[in-house]
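What follows is a single structure, written as C-alpha cells, with notes after it.
Chain nomenclature is as follows: A, B, C and D, assigned in order of appearance, with residue numbering initiated at 1 for each chain independently.
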Amino acid sequence: MSAESTKTTGPEPKFPEKHYLNASYGIRSWLLTTDHKRIALLYLASVTFFFFIGGFFAMMIRLHLLTPSGYLLSADTYNRMFTMHGVAMIFFFLIPSIPAVLGNFLIPLMVGAKDLAFPKINLLSWYIYIIGGCFTLYSMVSGGLDTGWTFYTPLSTVYSNSAVAPAVVGIFITGFSSILTGLNFLVTVHTMRAPGMTWFRLPLFVWAHYATSVVMILGTPVIAITLALAAMERLFGLGFFNPAMGGDPILFQHLFWFYSHPAVYIMILPAMGVISELIPTFARKKLFGYHFVAAASLAIAVIGFLVWTHHMFLTGQSTYAALAFSFLTFLVAIPSAVKVFNWTATLFGGSISFDTPMLYAFGFLGLFLIGGLTGLFLGCLGVDMHVHDTYFVVAHFHYIMVGGAVMGYLGGLHFWWPKITGRMYPEWLARIAALVLFVGFNLTFFPQFLLGYLGMPRRYHVYPPEFQVYNVMSTAGASILAVGYLLPMIYLTWAAFYGKVAGNNPWPATGLEWTTASPPPTENFEVTPVVTWEAYDFHSRPELGLDVPGTPSGVVAPAHGHD
Amino acid sequence: MADHEHAEHAEHIVPPTTYMIIIFTLLCLTLATAAVAYVNLGPLNIVVALAIATTKATLVVLFFMHAKYSPKRTKLVIMAGIFWLAILLFMTLSDYASRVDYRGVRYPMTQNIVLMNSQQS
Amino acid sequence: MQSPLPFFPEQASNFAGNVDALFLFILLTCLFFAVLVTVLAIYAAFKYRRTSPGEVGSTVHGNTMLEIGWTVIPLVIALGMFSWGAVIYVNYRTAPKDTLDIYVVGKQWMWKLQQPNGKREINELHVPVNRDIKLILGSEDVIHNFYVPAFRVKMDVVPGRYNTMWFRPTKIGKYHFFCSQYCGTNHAVMGGYVTVMDPAEYAAWLSDEAGNVDPVSAGEKLFTQLACVTCHIANGTGRAPSLNGVYGAKVLLADGTTVTADDAYIRESILLPKAKIVAGYQPVMPTFQGLVSEEQILNLTAYIKSLQSQPVPAKGAGIAPANAGKK
Amino acid sequence: MHRTGALFGQFETLEQQKDTASLGMWIFLVTEVMFFGGIMLAYTINRHSYFHAFAMGSKTLSLKLGTTNTVVLLASSFTMAMGVWSAQVGKKKLLPMFLALTITLGFIFFGIKYVEYAQKFHHHLVPGRNFDITYCVNNPSRCEDMSAEEIDAERVELQEAQAADPDLNAHAQLYYSAYFGMTGLHALHMVIGAGLLFWLLRESLKGRFTPEWNTPVDLVGLYWHFVDIVWIYLYPLLYLIDRHN
C-alpha cells in the first residue's frame, strides 16, 4: 500500500515557514482577504455549516419515517423538514461545495496563476453567499418553509403560509455568488494560464470546472429572474404564474428547470473532475482518453441545457415536446457513460494503490454508475409514467448528488488536504470512514428504489404500512451515514493542526499544484512556473522520484522536492 | 498570458464620425419602427418590429460596443449568449406551440367541473 | 404485496404489463453494464495493484476505436429504450375513442370524482373492469397528481387547465391511489382507493341511490350548470350576493328601497336581473330568459329556499340590515 | 495582491489585465441576457395567450413619452461611446463632459419614466387589488390628465377588448406585470449604471484615465450600451402592440 510506501522515500518533509495561512493574522486578515486559498477556506467553513444543518433535517426526516404513521413530527413540521433539507443541501451545500471550495483553492494553482482573475469579486461572491444564507436561515427560524425546494406555483406564491419570501430572496441572492464564481473561473482559465499550460495540458479538474462555470453563467440568471418573479408575485401580486389571473404554473416549471436541471451538472461535473484527478494519480498512469473526457464535460454542459422538461413529462406538456426532451435526455447519458468507461480503462495497466482518495474514487464509480443508469429509467417516457415523483426519483438523485457529488467532494478533500493544510490525515481512520459511508449510503438509498417502484410517492409524512420494511432499512442506513459524515469532519479538523507533515507532493501527483509548497505561499508560486509536460504524465517527470522504465532504477530522487 | 494572439492586437479606436453615422441610423430606425406600427401588416407587425429592434441592437453591439473590432473570443461569448437565449425561448415555446389543448380550448368542460365543485362549497 | 419484500406492485391495467416489461428490459441492460464495469474495475484493481513504492503505470493513454465503440453502442441501446418508452407514452397520452369519462377535481386535500351519470364520490373511484376509462383532471387550488401505482399511470392536476389520462383496468380489486405532486400540509393523506368492479356490479352500483331526483337537488344541479355558483358564492366573496338565508328575508336594493325575497322576486331576478339591483353590487348578471324552463325556475327556487337555513356570511349577503330601507 | 501602478498583482502585463477585464464584462453581460430572457419568455407566452389584453394595455401607454425615452437613451449611448473615444485618445477635458452628458440623459430618462409610472399609479393600472383597467373610462373626472377624446377612444377600445376577452381585467394585469417587471428591472440597471458613471466622472476629473489605462470607462460603456439594447427591445414589445387598430 502506497500510503506507507511513498513516505519511505526521501528525508522527512519540513513544514514551510511562510505560507498563506500564517501570512497575516487576525479576523480582518480573513474577512478582508482576497487570497483565493483563504476564500476557499471561508467557503469550506460555511458550506460545512449548511451541510450539517441539511444533515440534521435529513436525520429528522428518516427518523420520522420509521413507522408508517410517523411518530415524530406533525405534517407541517415534516414538510418544513424536507423542504429545508433540500434548500440547505442544494443551494447552500452542493452547488458551492466543490467549485467554491476545491475549485477556488485549486484552479489558480493548477493553471499556474497567482490568483483568480478577479480576487475582489471572489471575496464579494463569498459575502453574497453569506447574505443569501442569512436570509434563508431567517426563513428557517421564522416559520420555516414548506413548499418543497422546487417552489412550485401556485403553492409557493399563493397557498403556502410559511416564510417563502425570505427563502426565495436568499436563494436569489446566493445565485449571484454562483454567477460570480463561474465568471471568475471562466476568465481565469482563459487568460491566466502559465506559459506552456495549453488548453490540452489542463488537468481535467479544470476542464470540468470550465464546463461547470458555463452552466453557472448561463443557467443561474434564469433561476434568479424566476425566483424574483415568484417573490414579486407573492409580495406584490404580479400574475405570471397564478392561474387565478390567467397565468401559467407550468411556465414556472419551465423556467425553474431550465436552471435546476443543469444545476445537477453544476453539482456532478466538478465531482467528475475530482475523480479524473484521483484515478490517474493513484493508478500512476495517464488518464485514458484525455481529450474525450474533456469533450464529454463540455458535451454534458451543453446537452444538459436541452433536457429540462424531463421533470415535466406528466404535467400535461405536449406529447411532441416530451418525445424531443426524452430523446435528448438519452443523449446526455452518453458523455457520462464515456467518462465512466475511460476511468475504468485507466485502471488497466496502472499501478493502483488504495489510499483513501482512491477508495472514494472507487466508491464514486460504483454509486455514480447506479445513479446514472437509474436516470435512464426516469428519462424513459414509458417508465417515468410510473416512477415520476416517487421514491425512485429520490433514490436516483441521491445516488447522483450524495453518492456522486459528495463522494467526489470528500475524496477531493482528502486528496488535497495535505496541500490545503500541509498535513496528512490519519490514513486508517479515513479508510474506515470511507467504507462506513459507502455501506451506510447504499443501505439508506437502495431500498428507496424498491419503494419507488412499489409506488410510494415522495414527500409523504405518513405512508401505507406495506412500505414499512424498506423505510426501516433506509432509516437504519441513514444512522450509519450520519456517523460516516461526522468522522471525516472530526479527523480532518484534527489533522489540520496535528497531522503528520505532508511535504510538497506526498502521493506523488503530477499537477502544477503539487510543485509548490504545502501549504502554498500567498502568491502560490515563487516564480511563475513554465509547463513542459502533458497532464498526468508520470514518465517525463523524474523529479517525482518514481521508477520510470528507462531511467536507472535504484536512483530515487526525493519525492519531496526542494523544501 | 494565454491566448496571446488576442492580447497582442493593438486597440482599435473607432472614429467619432462612425459613431455619428450609427446614432443617426439608430434614430431613423426608431422613428421607422414607431411609424410602421401604425400600418396594419397583420402578423408581420411583430416580425418587422423585432427585425428593426434586432438591427438596432446589432449596430450598438458592433460599433458602440466595439464587437466588430474585438477578438474572436468576445464574439464567441456573444454568440453563446444569443444561442442560449434561443434555447430558452424556442424550446419552451415548442412545448406551448405543440400543445393541442393549449389555451384554445382552455375551459372546454367548465360546466362539468363547476358541477363538481358545488357540493363542497 | 404478500411477500414481505415485494418488488412489483400488482399489475391491474393495460399499461402495467408493458411498463414492467420495459422496466425489466432497462434493468437488465443496465445490470449488464453495471456488472461489466464493476467486474472490470475490481479485476484491474487487483491485477494492477501497486507492488513497489516507486512503480508507475503503463504509457497507454487512449484508443480512438474504443472511444467510438463505447460511444456508439450505448447510444444505440439508449435509442432502443427511448423508442419503446415513447410508444407506451404516446399510447398513454392518446386516449382511445368511446371511453368512460370521469371527472376528477383535486383540492387541498381531497379528491372529488364524478361518474358520467352525475354520481359523486370523495376519495373513492369505482370503475368497471376491461373498459377504457378516461379521467379529466382539474384542480381548485394547487398542482396535484393523480397516481395509481397498480395501473402504472399518473398525471398532474394543474389549476387553470384540464389534463386527461386514461387506462383500462384489467383486474377486479381495490387499489390505492395517491396524490404524488406535493401540494401542502396533508399531501400524504390525499389519496384513496380505486375499486375495479365487474361491469354488472358497476352498473348496479351506479344506479343505486342515483334515481329519484327531488326539486331541491335538481335546482342545485341547475344552479351549478348555469354557472350561477361562480358569482353567488356561499361565503359572500363572489361578484354577486350570497343566497344563504335570503329566501323570505328583506333585501336592500341599490336605490335604497327594500324588497322581500319571495318566489316572484327570485323569478324576476332570474329572468330580468337588471330590474332590481342589490345594494353594493354591479349589474353584471345576464338574463336567463329563454334559457330556463318554468320547471327549472321552480327547481332553482326550491334550491334557493333550501338555503334559507344556511349560515349567512357577515359580508356579501343581499339581506337588508334590520334598520335599513325605512326612509 | 500588490498593485504596481495600474497593474494588479495577479497579472503579468497590462494587456493581460485589460483582456481579462473585458472578457469578464462580456461574460457578465451574457448572464444579463439570460436574466432578461426569463421575463421575455413570460411576456411572450402571455402576450400570445391574451393578445387583446396586451394590446389594450399597450394602448394605455403614451407613445410620445416612450419614443422620447428611446431617443434619449440612444443619445446617451452615443455620448457614452464618445466618452470611451475621448478616454482612448486621451482628451482629458472631453471625457468628463461626455460622462456628464450621459448622466444627464440618463436622468432625463428617469424623469420621463417617473411621469409614466405616476400616471399608471394614478389610473389604477398597477397589478394588485386596486387594479382596474376601466378606471379612467368609468371615472373620467379622476383622470384629469386625459382629454375627453382620449377617454372616448379608450372606451371604444375597451369595449372591443372586453368583447374579445371577457376576463380582460385579470389578463391586463399580466400585461402590467410584464410592463412593470421589465421596465422596473431595466430602470434598476440604469440606476446601477448611473452610479458607476458618477464614479467614473469623479475619477476622470482627477485625470485618472489615460490612453494606456482606461479599462473602467470601457467596461462601464459596455454595460451602459447593454442597458440601452434592453430598452431597444422593450420599446416595441411594450409600446407598439397593435397600434394600428
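Basically, contacts are C-beta pairs under 8 Å (C-beta built on N, C-alpha and C of every residue); 3 or more make two chains touch, one makes a residue touch a chain.
Remember, predicted model here, so these are calculated numbers, not experimental data.
Visitor: Using CA atoms only, can you tell me which chain is the most central one in this structure?
Guide: Central chain: A.
Visitor: Which pair, A-C or B-D, has more C-beta contacts?
Guide: Between B-D and A-C, contacts are more numerous in A-C.
Visitor: Which integer distance in Å separates the CA centroid of subunit B from that of subunit C?
Guide: Those two chain centres are 38 Å apart.
Visitor: Where the centres are mean C-alpha positions, what is the separation of subunit B from subunit D, in Å?
Guide: Here subunit B and subunit D have centroids separated by 15 Å.
Visitor: So how far apart, in whole Å, are subunit C and subunit D when each is placed at the average of its C-alpha atoms?
Guide: The separation of the two C-alpha centroids amounts to 43 Å.
Visitor: Spell out, as numbers or ranges, the residues of subunit C touching 2 or more other chains.
Guide: 160-161
Visitor: Give the residues of subunit B touching no fewer than two other chains, as numbers and ranges.
Guide: Only 1, 3, 73, 80-81, 84, 88, 92, 96, 101 qualify.
Visitor: Could you say which residues in subunit D touch two or more other chains, in rising order?
Guide: Residue numbers touching two or more other chains: 12, 16, 19, 23, 27, 30, 33-34, 37-38, 41, 45, 49.
Visitor: Contact residues on subunit C for subunit A in the complex?
Guide: The touching residues are 1, 4-9, 15, 18-19, 22-23, 26-27, 30, 33-34, 37-38, 40-41, 44-45, 48-63, 66-67, 70-71, 74-75, 78-79, 81-82, 84-90, 92-94, 108, 141-143, 145, 147, 149-150, 152-156, 158-161, 163, 176, 178-189.
Visitor: Residues of subunit A touching subunit B in their complex?
Guide: Counting only subunit A, the residues touching subunit B are 113, 190-195, 197-198, 214, 218, 222, 251, 254-255, 258, 305-306, 309, 316-321, 324.
Visitor: For subunit D, which residues count as touching subunit B in their complex?
Guide: 12-13, 15-16, 19, 22-23, 26-27, 29-30, 33-34, 37-38, 40-41, 44-45, 48-49, 63, 67, 70-71, 74-75, 77-78, 80-82, 85, 88-89, 221-222, 225-226, 228-229, 232-233, 235-237, 240, 242-245
Visitor: So in the complex, the part of subunit B that touches subunit A is made up of which residues?
Guide: For subunit B paired with subunit A, touching residues are 1-3, 73, 80-81, 84, 87-88, 91-92, 94-102.
Visitor: Which of the residues in subunit A end up touching subunit C in this complex?
Guide: By the definition above, subunit A touches subunit C via 1-2, 5-6, 8-9, 75-76, 79, 146, 148, 150, 152, 154-155, 158-160, 243-244, 246-250, 283-292, 313-316, 319, 322-323, 326-327, 330-331, 333-334, 337-338, 340-342, 344-345, 347-354, 362, 365-366, 369-370, 373-374, 376-377, 379-386, 388-390, 450, 453-455, 457-464, 466, 469-470, 538-539, 545-549, 556.
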